[in-house]
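Common to both upcoming complexes is subunit A, partnered first by subunit B, then by subunit C.
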Partner chain A sequence: MNLPLEEALQQQSNKQQLQYEAYKSRKRSLLYNRYFILGILAILIIWSWVGTKFHIMDLFSGFSNMAIFIFQDLLPPDFTTIPSFVGPILETLYMSYVGLLFSVTFSLFFGLMAAKNTTVHPAVAIVSRSFIAFLRSIPAMVWGILLVAAIGLGPLAGTLALGLSGIGILGKAFADLLEEIDENQVNAVRATGANWYQVIGQAVWPQFKPGFVGWSLYKMDLNIREASVLGVVGAGGIGFALEGSISLFQYQQASVGILAIFALILVVEFITAKLREKII
Partner chain B sequence: MTDIFLETRNLKKVYPDGTEALKNITLTFNKGELVSIIGPSGAGKSTFLRSINRLNQPSSGEVIFQNEQITNVKGKKLLLVRRQIGMIFQDFNLIKRSTTVRNVLHGRLGYMSSLKGAFGRFSEEDVKEALAILRRVGLEDHAFKRADELSGGQQQRVGIARAIAQKPALILADEPIASLDPSSSSNVMNYLKTISEEDGITTIVNLHQVDVAKRFASRIIGIKAGEVVFDGKPNELTEQRINEIYDQRGLVNELTS
Partner chain C sequence: MSKMNKQNNNLSRGILWSLAFIFFVISLLQLDIAPEKLANIFSRTQRLLDNMFPPVIDDPINIAGAAIESLQIAVMGTLWGIIFSILLAFFAAKNMTPHISISYLVKALAAFVRAVPALIWALLFIIAVGLGPTPGILALAVNSVGMLVKVYAETIEEIDQRVIDAIRATGGSPIQVVMQGVLPTISSIFISWSVFRFDINLRYATVLGVVGAGGIGWELIRASRMIAYNEMLGVTIVMFIMVLGAEYFTRFLKQRADLATIRATK
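And now, the complex of A and B:
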């Protein structure tokens, strides 16, 4: 009578021991994994350290050089040159805004086609996704260089560069937003006998709108920054004027341009934040 | 020809993962009756309803609606069929960010042109009709609130109003009270019954609650593992038959002994 019970208890404790061993070995392999990843990170850090010829001392000597540059050359800003920056600032705004309208329009189309739940055909979705990914893989700056070469200096090249790279970003954002909407709400409208256009307008759009507004306004913020830099490759805007002053060693004039960019970004971010509150 | 309103013949549905949700469902429904389908979760009740308005495509079998074979209709024809079938869902599935009256107006989309529908240019007549329907379900004061500001019971009444706006010949209600408290539940069921009787709309309601089914339906169908195991009047649904449907014999014997 006693024997089976003892046997059972023995088996029980054996099983516990085995499970504990399993627990320990799992823990050990997790630990090894962690050492392995840390090791790889360390190797990468050392490699890039050597590769970029980085020295801590450079930080200090560079800092003093920076300070000399800022206080001797950049300051004080030559505020008499403000009028010459008004045109370029406005141009930057136009480029950003027109570029945004361009990318929003095309992103709506490609986003709808790329999202699995709103596309007209799975094959169209794949083509659309790939096209968006292609546009995204090329930065606005590179588009700028290409377009300046293709259609010449000026804001048109910059605007198109912003528009094209914008489709890459907004198209993907829109498609992802569309794929996240509540399909049950959509099915309910579909069940009333509504066709594709009606389902998009009445069931998809109300759910998509907050994300659509948020992303579009965020892209406007990004466009202002990118448009400021695009001028450096000749694609118009404030960057073009800034590049001009710098290459003529007119640093006090350039510092006004930098302050102007700073002010422009602050103003636009303030306005987009207010709009976002209003619309959403 | 016959006065059979809706008929399914050997309806089968196999999901891609191999689950056999429906096995040979053959049923007929008459004009104007309120039928309740009961059965355990996963028995295939939802799949059956969705096979009728083709939110699900049945694997084989036929659906005959008002003497018309609708199992494989496509495109414009499918939209015309769906327009005649109102559907009510467990989670209401209203467009949460749109107003209540807009949600009711969605029932009119099947009658409008693509563009007018897409941009929500509803006619004066449709808007007045939608407001009248809201009055009928006791929600006229909530017409301009966002749908997600309403309580669960109110949202389900908007769901019913959306279905009525379609001027349907058939209403499919998929567990309409499963997310509601008891008093909202009987309220919603009362509206469904009233509308079915007053407008002569055939109504098929999936239910979990046997007592509710017995109280409101004129006919009850029991489905278990994708097959019809009971079809009769509420008073024919004895304790024993219920146990068979829900497979609780053991449990009930234990409780009664």
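And now, the complex of A and C:
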């Protein structure tokens, strides 16, 4: 026969035992899950390692060859060739800017159609969303190749490629921004008897503007990077001149091109950062 | 006073908008986008579309192999990018670096490496190590390092110093400080940035083949040189499916991990 005190102690220790069991099972499931994901990653890495015939020595030989190449061939940059890069650099800038305006204009339309609360019909929203997703999942470079085939070499193909891939990014961003708009403010303005333009101007735009400006300027930064390599496939911009000088073994000229791209990116990022501060 | 401010603001805004517009007109003129050229686009695009449909995939084994190679290049590039970034990030973070000048040096290097696009790194690595998937992997790794070092270092800099002090106070060695204090607080942010970088790398890997750095981009540029428009569309569709599939796969893994965490902490 147990005494009451002993019984209580027994119960308490049982309870602790149960809690401990639950804790252990939780820990086990977490650990099991971690091993599962790590296992998948390990399989993926081994598969890729074997598939690409990668050798750990490639890292050392690759980077040492690269260092030798940089210090022997790329440096010092031949700064007398700067004038030949001015035109392509400006062209890159123009392409990015026109491509940006193109994608902003169309993204506003497709974004409005894709957002659940501003679309004319739910079916239109689904079509618009999937169109945007399709544009997004094909890289600008691929658009460049397709458009060069369609409309010929030159900056027009590159500009349109930037514009199309831009709709993919900005359209999604704008649609998401519109869906997050506070409906109460819109309803409040509407309750005062405002017409559609006034509702858009006074209730929707003020909420939409910071995201709109931020995403558009971010896209400008991206465009400069994309535009500087689109020339490799003949879609205009500095990439064409750069690849030309590399394939002619004019490496000291190529290093000027690389530095020019670096400078252009820095300048544009500085300007977009200033504009972001000023507008938002 | 506030009225004047507002007027001033309106004036500067007007200047900004007109500058933007003038720059747009200049760009259009410089790019030589003439109306007749634009009108031409439609007839030429019409011809392109006529030739594109139906899409065909000549030699499906080859193209599937190229798509898989792109995927593998992205995995390997991300792996080495992450490894080097973690090593460098500890030198770049202000609270971990042996000396503050090393931190600035590593950060400046990362900024330069980040600003040069991946495709140009691929062009340079092809000269240094030859054609094939290896220059693609190295180019993606280098470009990833540029971005990941920055975000990793920022994450490490935001670590709560008190946690580290607490472990140090119990007599923890530097390795124990890293394992018990640093890693648990930064791992989730590290993982989400690394997954994000993998998505970017996968997109780059599809086009690296354009310059001969391995992967499916080569098949696309080959088809475009042969003016086989229907094959170009076929390859583009394969690319699209590959990128989408990989995105669903990473999302599936992420959801699984989140679900397990939620279940365990309930």
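The rule is simple: the second predicted complex is superposed on the first by the 247 of 280 C-alpha atoms of A that agree within 3 Å, B and C clash if a C-alpha of one lies under 4 Å from a C-alpha of the other, contacts with A are read in each partner's own complex, and residues count from 1 in each chain.
Please note the rule applied: contacts are C-beta pairs under 8 Å (C-beta built on N, C-alpha and C of every residue); 3 or more make two chains touch, one makes a residue touch a chain.
It should be emphasised that the depicted structure is a prediction, and the values quoted were computed from it without experimental measurement.
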Partner chain in contact with A:280 - subunit B first, subunit C second, else both or neither: neither
Which of subunit B and subunit C A:86 touches, first, second, both or neither: neither
More subunit A residues in contact - subunit B or subunit C: C
First, second, both or neither for A:75, with subunit B first and subunit C second: neither
Contacts of A:192 with subunit B and subunit C, given as first, second, both or neither: first
Which superposed partner A:207 touches (first subunit B, second subunit C, both, neither): first
Partner chain(s) touched by A:18 [first = subunit B, second = subunit C, both, neither]: neither
Of all residues in subunit C, those that touch subunit A in their complex: 16, 23-24, 26-28, 30-33, 37, 40-41, 44-45, 48, 68-69, 71-73, 75-76, 79-80, 112, 115-117, 119-120, 123-125, 127-129, 133-135, 137-138, 203-204, 206-207, 210-211, 214, 217, 220-221, 224, 227, 229, 232, 236, 239-240, 243-244, 247, 253, 256-257, 260-261, 263-265
Contact footprint of subunit B on subunit A as seen in their complex: 182, 184-185, 187-195, 197-198, 200-203, 206-207, 209-210
Residue ranges of subunit A in contact with subunit C within the complex: 26-27, 29-30, 33-34, 36-37, 40, 44-45, 47-49, 51-54, 58-59, 61-63, 65-66, 68-69, 73-74, 90-91, 93-95, 97-98, 101, 134, 137-139, 141-142, 145-146, 148-152, 154-156, 159, 225-226, 228-229, 232-233, 236, 239, 242-243, 246, 251, 258, 261-262, 265-266, 275, 278
Of subunit B, residues touching subunit A in the complex: 53, 55, 79-87, 89, 91, 93-98, 102, 106-107, 109-110, 112, 114-115, 117-120, 159, 162, 166
